[in-house]
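Here chain A shows up in two complexes: once beside chain B, once beside chain C.
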Partner chain A sequence: MVPTLLVVSVMVFVIMRLLPGDVVNLMFQDLGYAQSLAEMRAKLGLDLPFHQQYGRWLAGLLRGDLGESLWTQRSVVSVLAERLPVTLELGLLSLAFAVVYGGVTGVLAAISQDRWPDMTLRSVAMMFLSLPSFWLGTLAIVVPSIWLGWSPSLQLVPFGASPRENLVQFALPAAILGSHLGAPIMRMTRAMMLEVLRHDYVRTARAKGLAPAPVVLKHALRNAIIPSVTILGVQTSQAIAGSIVMETLFQLPGMGSLLVEALAHRDFPMFQSLVLFLALFVMAVNLLVDLTYFAIDPRTRAQAG
Partner chain B sequence: MTLLRALVTRKPIGAVGAAIVLVLLVVAVFADRLAPQHFNETSLTDALQPPSRAHWFGTDELGRDLYSRILYGAQVSMTVGLAATAVAVLLGAAIGIVSGYFGRGVDLALQRVVDAWLAFPGLVMVIALLVLLGPGLGSVILALGISQAFPQSRIIRGATLVVREHAYIEASRASGASHGRVLLRHVLPNVVAPIIVSASTYVSFVILIEAAVSFLGYGVPPPRPSWGGMLSATGRSYMVRAPWLSVFPGLALTLAIFAFNVLGDALRDLLDPRLRAA
Partner chain C sequence: MTRFRRTLVAAGVVSVAAFVAVAPTPAQAPKRGGILRVAEQSDPVGFDTLGKKKAPVYTQLALAYTHNRLLKYDPSGEVVNDLAASWSQPNPTTYVVTLRKGVHFHNKPPVNGRELTSEDIKFTFERMAKSPEARLFPTLKAVTTPDKYTVRFELSAPFSSFVANLAATTMYVYAKEAGKPTPDGAGDYTAVDTVIGTGPFMLEEYREKQRLVFKRNPDYFEAGKPYLDGVELYIIADNAGQIAAMRTGKLDLIPAGRGEGLPHFLVPEARSIPGAKVMPHRLFQTSENLVGRVDQKPWSDVRVRRAVSMSIDRAGLAKAMFTEGAELFSGPIPVTSKYFIPLDKLGESAAWYRYDVTAARKLLADAGYPNGLPVKLTTTTGYGPTYTSRTELLKSMLAKLGIEASIVTQEYPVWISSTYKGNYEGMVHIPAWTLGDEDEWLATFTPGDTRNQLHLDDPKLTELVNLARSAPNEAVRAKLIGQFVTAFHDQMFRVYLPAPRMVTVTSKRVQGYVPAVRGYGYAIALVNTWLE
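Moving on to the complex of A and B:
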């Protein structure tokens, strides 16, 4: 993980410096709190050679100091603390939706293979896979406002202030994102269930007189679910991408919109640290996925032990 | 030909997808003949007209015919979808084959870079690449192609690792063939199948990402119409007053993604029985 993180840090650092446009110019024109461009550059530490800038940033990271926004002068950590809960809530809710939707419909489709529930659920999954979430989100805002005169609140209600209103506010974007993320889970669960249901041990379980429900849930699902857990790792990074779009559309002040802002402002420390943080997060989730794998698949344990 | 027959007889939905793709390609190529108006022909007196006989899909805030703009929009989506996938496949194949064939240090170094890229928030890195490359259709293709090359290279590396162990590779090396010759004549032809299979599923993803990036305002610059861009700029500000501006580009986009999705699924099932479903 550490070497990969180092490569991530170098890559994002280099990409940021290669971008045309410069925060100093942008800020000098807009805010003007220095006498000259050179003075401003020095204030922001951008007059140093690149390797020193990188060294400073890395040294800061090791101390847990993610730097300061060039634009607002606020520490990245405090901005992160403010924005992270929004994205985390949106991401977790949509992943939860995806798992429940994908898992349940995947199993239902598999046990009714090639009959109408299966056909319907597969078509729905294909539809969710093809519908761009930002379009679905736009429609979800437009349609109720035309027909019902109702539109979702575009002002963030913190969970602490009113848990109910907060959840109502997040439900729509989370469901939209979750349906898109859940479709591959549904397809994977269905495919694996079909494979597992043909195995001898499932036939044995049926033959000894077990009711259909325990056979499916206790015997088959446990084995069928494993590849879906792997997908979940991939889905996490897709959830981050999706949340950028959803946050823009529903005007939720989360990490996604922050990243896009930081990039537009060429806010080096903010952008770099955010990307590094997200990369760490994605890697941590993938590690967690591996560990879950280990826990639910006894075969991997036997190999390791 | 046999593939086409198998598609029609065994995968009817995939054949429907193929037909839609074909129609979209024709629309993209002949947009200037099929469209009633040029995509940038403005008429302020006709601004924000609802769908009518004169303007099937209505008009936008500058009085431009939305139907024409959607036909032209197919050009961007199809070009980006196919060209960016081609870039991703070529670059991904190069990285994957070299990494898998040479192994050891080369593999280790390349795979760390791939790991790093896969850990990045993908959409943001595409936008960063776009800012780096400057606005334009070429940049969109390159940015999406590069970003998709890394996941693509993983698949091809895996296939190469299997091929590398075969006796004919060793025989070829022993008979004095250079690495370049072995790679091109023996490794490449044997990893073509997984390359085609994974590429067919990438096109729809690339179209989707192009639209998302355009929606966020970083895509092909105006006035050139792209479906994602139409949803962003005009669609959002006139969402309630002129809902047709958000409905039709989204429908076009969904249709295109759906078509490539079902076609990709069908091709994968037909070409690679081991990867069925999922």
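Moving on to the complex of A and C:
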């Protein structure tokens, strides 16, 4: 994990410096006289050679100091502390929705193969997969405002202040994002279930007179779900990408919108820290996915042993 | 009752009803109380308009709630007194401003509601001199304070925009003790706890990317005002989200005061909100335009510039993009400027605004391009998708002229760092500007100005700008600016496009709100606003 993070840190640092446009020009806009620009660059440490800038940033990281935003002059750590819980909550709720939706509908579609429930669920999944989430999000705001007199809350309700209101606030964006993430899980679960349901051991279980539910849920699902769990690991980074749009549409001040702003402002310390943090998060989730294999499939435990 | 009498009675009832409907109602008395909920698209970036970098628009908008200037723009754009009780000009290079008495800063530590004095004005101008806003007062030599309520400004040379620039929406007056200490003594007013002004509202809460909460300043110098108990300013980036929030009773005001404002295609949505008032109005800004470098081909040839102008179907563009109305003719100073010259008084230069592709093609052929020419047309995603749609429309209009424009779309930071600073090839689709006084607009066309994207160095125009800057009186200034504008249009250095109306939307609760025409400071109108 540490070597990967080091590579990510070098990559993000170099790529940001290679991008044209810089924060100082954005600060001064059309009033950027050469002297003012040079003074500001010196003040922000942007006049130092790249290797020195990188060294400073890395040394700060090791001390737990992520530096200051070049754009707002706020401490990166304090901004992260405000924004991280929002993105984590949205991401986790979306993934939870995706797992429940994708898993349940995948199994239902498989056990009713080629009949109307299967066709309906597959069509719905295809719809969620093909419709852009920003369009669904806009629709989910505009249509209820016209027909139901409802619109999302204008400010974040922290979970600690009111768990119920907080969950209500996150439910719609999480469902929209989750339905998009859940569609591939549904398709994968269905395909794997169809394959597993044709295996001899399932036929044997049925022949022994086992009830349909245990056959499907205990014997078949456990074997069919492993590829879906793998997909879930990949979906984590998609959930972060999707959260950018949802946070903007639903007034949720999270890390997704912060990432876009940091890039748009060429706010190096903020962007570098965010990318590093997100890389760490994605790696952690994928590690968790790997560990989940052990819990689901005893064969992987035996191979590891 | 006979049929005739029944008809007569019915006619009487209808007449009375019609009279009641159209008869002027007595002016409604303002009501005290209530919280107004406003939408903005972005946060302020710190709270300092006189810092070391250019004052961001949303910072200027926020400080209009909490701070005052010496002078201000009234809703029609005229300069009137704000913190100043009066001002005079004893000679061409001296201005004397007398302050209102009894103006107090917000009752917050460390200022604790002390009285505003001339020393605060002096301190503010010292800050200004160390900031990019120093451009507003290029000939300011000294600021002295003969007494507690008098400020004397000495200039090294006459400057006709001096008074108007006192009303610039960056020239807010700061209390020295409110700022965080800095080595140069100017103080840093970026942090929330430094927001201590003399304005109608006090900043009570700021949650980044969420909202700013202002409460009424009980010690505001206009007795009895503001009428509102407070304002909640919500950050809602998405225009459709703003309209949905107003429709569901969560918002009262979607102001217009910057850039394009509410896109016109969304206005029918706003109109369908029961009781909502939709107010299209002009703003003190020019329009988007097409430019090129006058020191490089093909833009260096006046015939090419005129041909491009004549190939633009301004009426068609306005009809397609600006359903709430637009000024077809604009620039190089805003339509709302008192020096603006309408098309019918422009004389022979008006010909270059006629939509005539055949004549335009002939001009282009005369310039040596009988078969047209390929050109880069640079634009940016930084001003939203409707902006780049207009670039596409311009491309299609240029194609009719024979100019094959290949669009180069730049990300905003790239745009600001290169094209916006005048580093480009071919042509550029540039946005509208909202600047201060007329001098600032004209200065952008002089050599050495950072906004001279044309690379224009025309001795005659530069001389006119300098003469207008030091004009001894209003009549002379108006004449000189008129000469500049006429010559500019004749040379067609910038090809101006239609200037859209801005659109302000208020809910049915809002009364007395008049959209501000000038500057980034709609909040000044909230002093006279109340809720029903």
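Just so we're on the same page, the second predicted complex is superposed on the first by the 293 of 305 C-alpha atoms of A that agree within 3 Å, B and C clash if a C-alpha of one lies under 4 Å from a C-alpha of the other, contacts with A are read in each partner's own complex, and residues count from 1 in each chain.
Keep this in mind: a residue touches a chain if its C-beta (ideal position, glycine included) is under 8 Å from a C-beta of that chain, and two chains touch if they have at least 3 such contacts.
Keep in mind that what you see is a predicted model, and the values were worked out from it rather than measured.
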Inset, instruction - Based on the superposed arrangement around chain A, label chain B with chain C as either clash or fit. - result: clash
Inset, instruction - Could you tell me if A:241 is touching chain B, chain C, both of them or neither one (first, second, both, neither)? - result: first
Inset, instruction - Look at A:20 in the shared chain and tell me whether it touches chain B only, chain C only, both, or neither; answer first, second, both or neither. - result: both
Inset, instruction - Please work out whether A:226 is in contact with chain B alone, chain C alone, both, or neither, and reply first, second, both or neither. - result: neither
Legend entry - Touching partner for A:142 - first (chain B), second (chain C), both, neither: both
Inset, instruction - Name the contact category of A:167: first (chain B only), second (chain C only), both, or neither. - result: neither
Legend entry - Partner chain(s) touched by A:253 [first = chain B, second = chain C, both, neither]: second
Inset, instruction - Choose the clashing stretch of chain B with respect to chain C from the list 6-14, 60-68 or 114-122. - result: 60-68
Inset, instruction - Please write out, lowest number first, the residues of chain A touched by both chain B and chain C across the two complexes. - result: 19-21, 138, 141-142, 145-146, 248-249
Inset, instruction - Sort out for me which residues of chain B touch chain A in the complex. - result: 112-113, 115-125, 127-129, 131-132, 134, 204, 208, 211-212, 215-216, 228, 231, 235-236, 239-240, 243, 246-247, 249-250, 253-254, 257-258, 261-262, 276-278
Legend entry - Complex contacts: residues of chain A adjacent to chain B: 3-5, 7-8, 11-12, 15-16, 18-21, 126-127, 129-132, 134-135, 138-139, 141-143, 145-146, 184, 187-188, 190-191, 194, 227, 237-238, 240-241, 244-245, 248-249, 259-260, 263, 275, 278-280, 282-283
Inset, instruction - Give every residue of chain A touching chain C within the complex, in rising order. - result: 19-23, 25-33, 36, 39-40, 43, 71-73, 79, 82, 138, 141-142, 145-146, 149-152, 154-156, 248-249, 251, 253, 257, 264-266
Legend entry - Residue ranges of chain C in contact with chain A within the complex: 37, 45-46, 52-54, 132, 135, 190, 207-211, 234-238, 240-241, 243-245, 247-251, 411-418, 420-421, 450-451
